[in-house]
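Chain IDs A, B, C and D follow the sequence of writing; residue 1 opens each chain.
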Amino acid sequence: MTPTGERRPSAILLVSCVDRPGLVAELAGFVFSNGGNILAADQHSEPDNGMFFLRLVWDTSGFALDRSATAAALGQLARRSGLTWSLRYSDERERVAVLVSRTPQCLYDLMLADQVDELGGTVTVVISNHDDLRPVAGHFGIPYHHVPSGGAMRDGAEQRMTELLAEHRVDLVVLARYMQVLSPAFVDRWLARMINIHHSFLPAFVGAQAYRQARDRGVKMIGATAHYVTNDLDQGPIVEQDVVRVSHRDTVDDLVRKGRELERTVLTRAVRYHLERRVLISGNRTVVFT
Amino acid sequence: MTPTGERRPSAILLVSCVDRPGLVAELAGFVFSNGGNILAADQHSEPDNGMFFLRLVWDTSGFALDRSATAAALGQLARRSGLTWSLRYSDERERVAVLVSRTPQCLYDLMLADQVDELGGTVTVVISNHDDLRPVAGHFGIPYHHVPSGGAMRDGAEQRMTELLAEHRVDLVVLARYMQVLSPAFVDRWLARMINIHHSFLPAFVGAQAYRQARDRGVKMIGATAHYVTNDLDQGPIVEQDVVRVSHRDTVDDLVRKGRELERTVLTRAVRYHLERRVLISGNRTVVFT
Amino acid sequence: MTPTGERRPSAILLVSCVDRPGLVAELAGFVFSNGGNILAADQHSEPDNGMFFLRLVWDTSGFALDRSATAAALGQLARRSGLTWSLRYSDERERVAVLVSRTPQCLYDLMLADQVDELGGTVTVVISNHDDLRPVAGHFGIPYHHVPSGGAMRDGAEQRMTELLAEHRVDLVVLARYMQVLSPAFVDRWLARMINIHHSFLPAFVGAQAYRQARDRGVKMIGATAHYVTNDLDQGPIVEQDVVRVSHRDTVDDLVRKGRELERTVLTRAVRYHLERRVLISGNRTVVFT
Amino acid sequence: MTPTGERRPSAILLVSCVDRPGLVAELAGFVFSNGGNILAADQHSEPDNGMFFLRLVWDTSGFALDRSATAAALGQLARRSGLTWSLRYSDERERVAVLVSRTPQCLYDLMLADQVDELGGTVTVVISNHDDLRPVAGHFGIPYHHVPSGGAMRDGAEQRMTELLAEHRVDLVVLARYMQVLSPAFVDRWLARMINIHHSFLPAFVGAQAYRQARDRGVKMIGATAHYVTNDLDQGPIVEQDVVRVSHRDTVDDLVRKGRELERTVLTRAVRYHLERRVLISGNRTVVFT
C-alpha cells in the first residue's frame, strides 16, 4: 500500500462471520464508544449459508485509538466473536499490477481512472507477454515489463512475474485481456486478489471464442463479466456484469467493437469496487456494497 | 392498515434527523439490548444538508418489548435525541387507493402485483372520474367508485373522494394516470402519501403533452417518472425513473405504447418501495434504500 | 386470419433467398411499376451464409393488381428468381393461441396488448393444462379450454389441442409459461409458428431451474429470452432478450418477481415482432427488422 | 478527405426529398442497372413533415460508371426528381478536428477508436484553449494547437481556428468538452458538421451546471447527449443519448465520474454514426440508420 496525504482518513472495516443477533450493535458500539463517527454501514445476511457480512466506514479524526490499538482491539473482539475481519484506511491505497497482452482499451481505461484519482488505488506496474503496449504504460509514466510466456516458458514467466509483483509490493492483480492461462499455483497465490475480465455474459459462452459463439447462437445482447480468478476456468465469483444490445446486423467484428466498450467499463468498475473495499466473497458469489 | 397472519413479523423503523456521531450505535444498541436481531440496516448521510437517514429492520420474535412499549421507548429516545421516526410492522399492511381515468395498464399492474402479494400493501379501493375501468376493479374484486370531476365539480368530487379514502382507511393514494389536477388543499392533505406517474423523464417534458414534446425534440430515449405529488406541478420528490430507447421510426403512437410499458413498471416499483418503507424524503429529493 | 375494417391496407412482403445483385431493384421495381408506394424497406445480407432477407411494405390504395393477381405475379417472379416469399395484408390479422399453466402475468400482458390493438394480431383461444386462469380469459372474453396433460395423458392432450387450434384457425402458438414439454411431432407441426418465453438470458441457465441457477452462480443481471420452439430444448432461434440488474440482496423469490416483469415484456415484444411480420429465420438465428 | 487503400470500396448515397411513390425503385434501379450490388438500403418517411430519407450502399467493384460519371448521373436524376443528395465512397475518410479544454476522457476515446480504425474517419488535428492535453495528442501522433480564447480573444481565436481547420482540410468538428461558447458566425459555418457532447439527458438540465442541477432535482438516472451544434444553446438536433442509474448516495463528484463514462461513449458513438454517414437531419431532429 502507498500512503497518501489525505487529511481526515476514514477506516473501512470488512467483517464476515456466521450470522447471530447483536453483530451490528456490537461493531457500531465499538466505533462509537471510541469516538468514531460512522459514515457508512452496510450489512447483508445470506439466507442460503447463514453468513453475515458487514462494511463499516468511520471518520477517524476524533477516534480514541491509534491504528495499532484499533487492530489489537478488533483482534480481541474477533477472537471473542468468531469474526473474520480486515481493516484498511482511506490513506493507504492498494497497489495494482495490470497484466495485458495486445489489446489496449482496458489498460487505457484503468490508467485514465487512476490519473483522475477515481480508481481507488494506484497502478504501479504493467506486465505483458508482448511488447506492444509499452508506449501506453510509458505515456502514463508506469513501469512496463515484457515477460514472454506460453508453452514451456510459462514456469519461468510466472516466476519472473512473482518477483515483479513482490518488488512492486502489489496488492491486486488485474488481468486486462491477458491471454495466457495461469498455473494453479499462481492462481492460488492471488486468490481473491486477482480480477479478470471475460468477454461474455457468464456463464454463457465460456472460453476464448465468446463473440464467435454469441454470433452463432444469435443472441440479442452481448455482455462482459469481471470475476475473481479461480482454478475453474471462467467460474470464479462474479464482481460485475453488463450487457449491450446487438442485432442480426452485427458481425463478429461489430461484436468485438461493442464488447470492447463493455469490457473496459465493467472491468474498471469491478476494480474500483474491490479497491474501495466494497466486495466480500461468499462462497462462489460476491456481496458488493455499492 | 390491515393485519396479516404472518408468524414472525419484523419491525421496520425509519429515522431522519440532523447527523451526529453515535446514531447508528444508539439505535442498533436499542434493538440488540432488547433482544432483536437486525435483519437489515441502511443509513445515509446527506452532505448537502447535514441530515441523517436510517432504515432498520429487526426480527421481533424474541423482542423484549411489546408494540406499545416499543413505541414508548422510541418516543423517549427520539425526544432525547431529536429524531423524527416512524415504525411499522410487517404484518400491518398499508391500504392503497388507486385513482384512475381511462387507461388501464397501470391499474392492472398494481392489481397483479397485489394479487401475488408482491406490492407490499393492499389495494382497497379504486376511484375514477370515469366509469370505464369498473370491470377491471371488479375482476380483481376491488370496490370501484365513479366520482365525476373536472371544472365546477372538482370541489364536490374531492369531498366525495376524501370521504371514500376515510371510509376505506387509506394510507397511500396512487395516481395511476389520473387525468385531473387536484386542489392544493387535497394535495396538502396527502403530502408524502400520494404518488403520481408522469410520462416523461422529468424534468424533461413537464405537462400533459410529454410524448408529443419528446417526438418534436427528437430525443433518442423516453422515460417515466414516479414522484410524490406536491403543489408544484411535476416537481415533487422523484421516487423512481426509467427509460427506453426510441428512434426516428417511432411515431407519437409508438412512444405512447412504449411509454405505457415503462409507466406501469416504474409506478409499481415506486409504490412497492414506498409500501416496503424504503423511501425517506429529504427536501425535494428521496432516499430510496433498495 | 381475421379480416379487419382497415381502410387503406398495406401489403407486407417477406423474402429470403441466396443473395445476388439486383434483388432490391427487382422487388422495388415490381411494387412501383404497379403503382404501389413503398412505406418501409428493410434488407439484410448475412455474410455467414450468403443469404438475403427483405421486408417490403407498400400502400395498396392505388395498386394496379388485386390480391390474387399480386400473388400470381409474385409466384412467377419467385420461380424465376429462386425466392422464398410470403405476403400478408395489414387487414388480415393472425390468430393467436396462448398456452398457459398457472402463472398469469404473461397472459395478462398479451391480452392487454391485444385489447388496445397493439399486439399486431388477435388472441382467439387460451389453452391450459390447469383450470386456474379461466377467469382471466373470461375477463377478456376469450374462450378457455382446460386440457390436462402430463405423463400418459400427453398424446391425448396434444390431439385435443391440435383440434382446438384447427377449430380456432390459429396461426401462431404462444407458450406463455406453459410448463409441459411438447412432443417432437407437435413441435414440428408448429415450427417457426410457436414462440416460447424462457426465464433466463439464454444460453445461460437452460432448463426449469433458471432462477435457482442464477442465484447459485451469483450473476449480477438476470434475463429472459423469447425464442421459436424447436426440438432442441431451449435452443431455438432467439427473437428477443432483455435483462435486469440484480444483487446479492435478491433471493430466488426476488429473482422470480423481477423475472416476471421481464418475461412478459420480452414475450409480448417478440409476439408483436412476429405478428407485424418483422421476423425472418436464418438457420438458428433470426433477422428482426425493428 | 483522406484516401485509403481499400480494395473494393463501396458507395454510400444519402438522399432526402419530399416523399412520393417510386423513389426507392428509381434509386435502386439506378444502382442495379449500372451493375452495382446493393449492400444496405434504409429508408424512412416522416409522417410529420412529408419528407423521405434514404441511405443506399452498394459495392462498386463491377459498377459501370466511374466516380465522375456517377456524380453526373445522380446530378441529372436529382434535378429531374427534386432530390437533395450526397455521395461518398468508403475509401474517402472524413477528416476530423477535435476541440477540447482540459478534460481528457472524450479525447482519449475518440483517439482510441481512430487507432483501431473504428471511428469511420481520421482525427487530423486537436485544438484547445488550454495547453494541458498536448501530451495526449502527442501520444497518438496528432498535431495539437493551443488557441487561447475567451472574452476579447474570441474573435481572434475563431479566426485562427478557421485557418487551422482549413489547413487540415477538416470535414467534421467535434466539441469534446470544449468549454467556450462559439460565435454565431462560426457555428453557422459548421452547421450539420459540428457535434457537441452535453452532460445531461437533454432537454433536461440545459447549461453548464447539469450535474449540480441533476443532484438538486434528485433524478434517479443521469444522461449524456450528442447533438449537432446550432445557435440555440443545447437545442440542436440530437444524434445519440444514453443514461446511467444513480442514487441518493451519489454526490455531484460521483455524477461527474459516472457522467464521464457516458459522455465519451455517447460522443464516440455519435461521431461514428456521422462518419459512417448514417445520420440525416430532418428539421430539428435526426434520422439515424443504425
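Quick note on the criterion: a contact is a pair of C-beta atoms (placed from the backbone, for glycine too) under 8 Å apart; a residue touches a chain by one contact, two chains touch by 3 or more.
Because the structure is predicted, anything quoted here is derived from the model rather than measured.
Set against the C-alpha centre of chain A, every other chain centre is closer than that of C. Two chain pairs, B-C and C-D, are compared here, and C-D has more C-beta pairs in contact (counted per touch definition above).
Our note on geometry: chain C versus chain D, Cα centroid distance of 37 Å, whole angstroms. Centres computed as Cα averages put chain B at a distance of 42 Å from chain D. Of all residues in chain A, only 104-105, 108, 112, 115, 118, 135, 139, 257, 261, 265 touch chain D in the complex they form. Here chain B touches chain A in the complex through residues 20-26, 28-29, 31-33, 35-43, 45, 62, 245, going by the rule given at the top. Contacts from chain C toward chain A in the complex involve residues 44, 46-48, 201-205, 215-221, 223, 237-243, 247-249, 251, 282, 284-288, 290.
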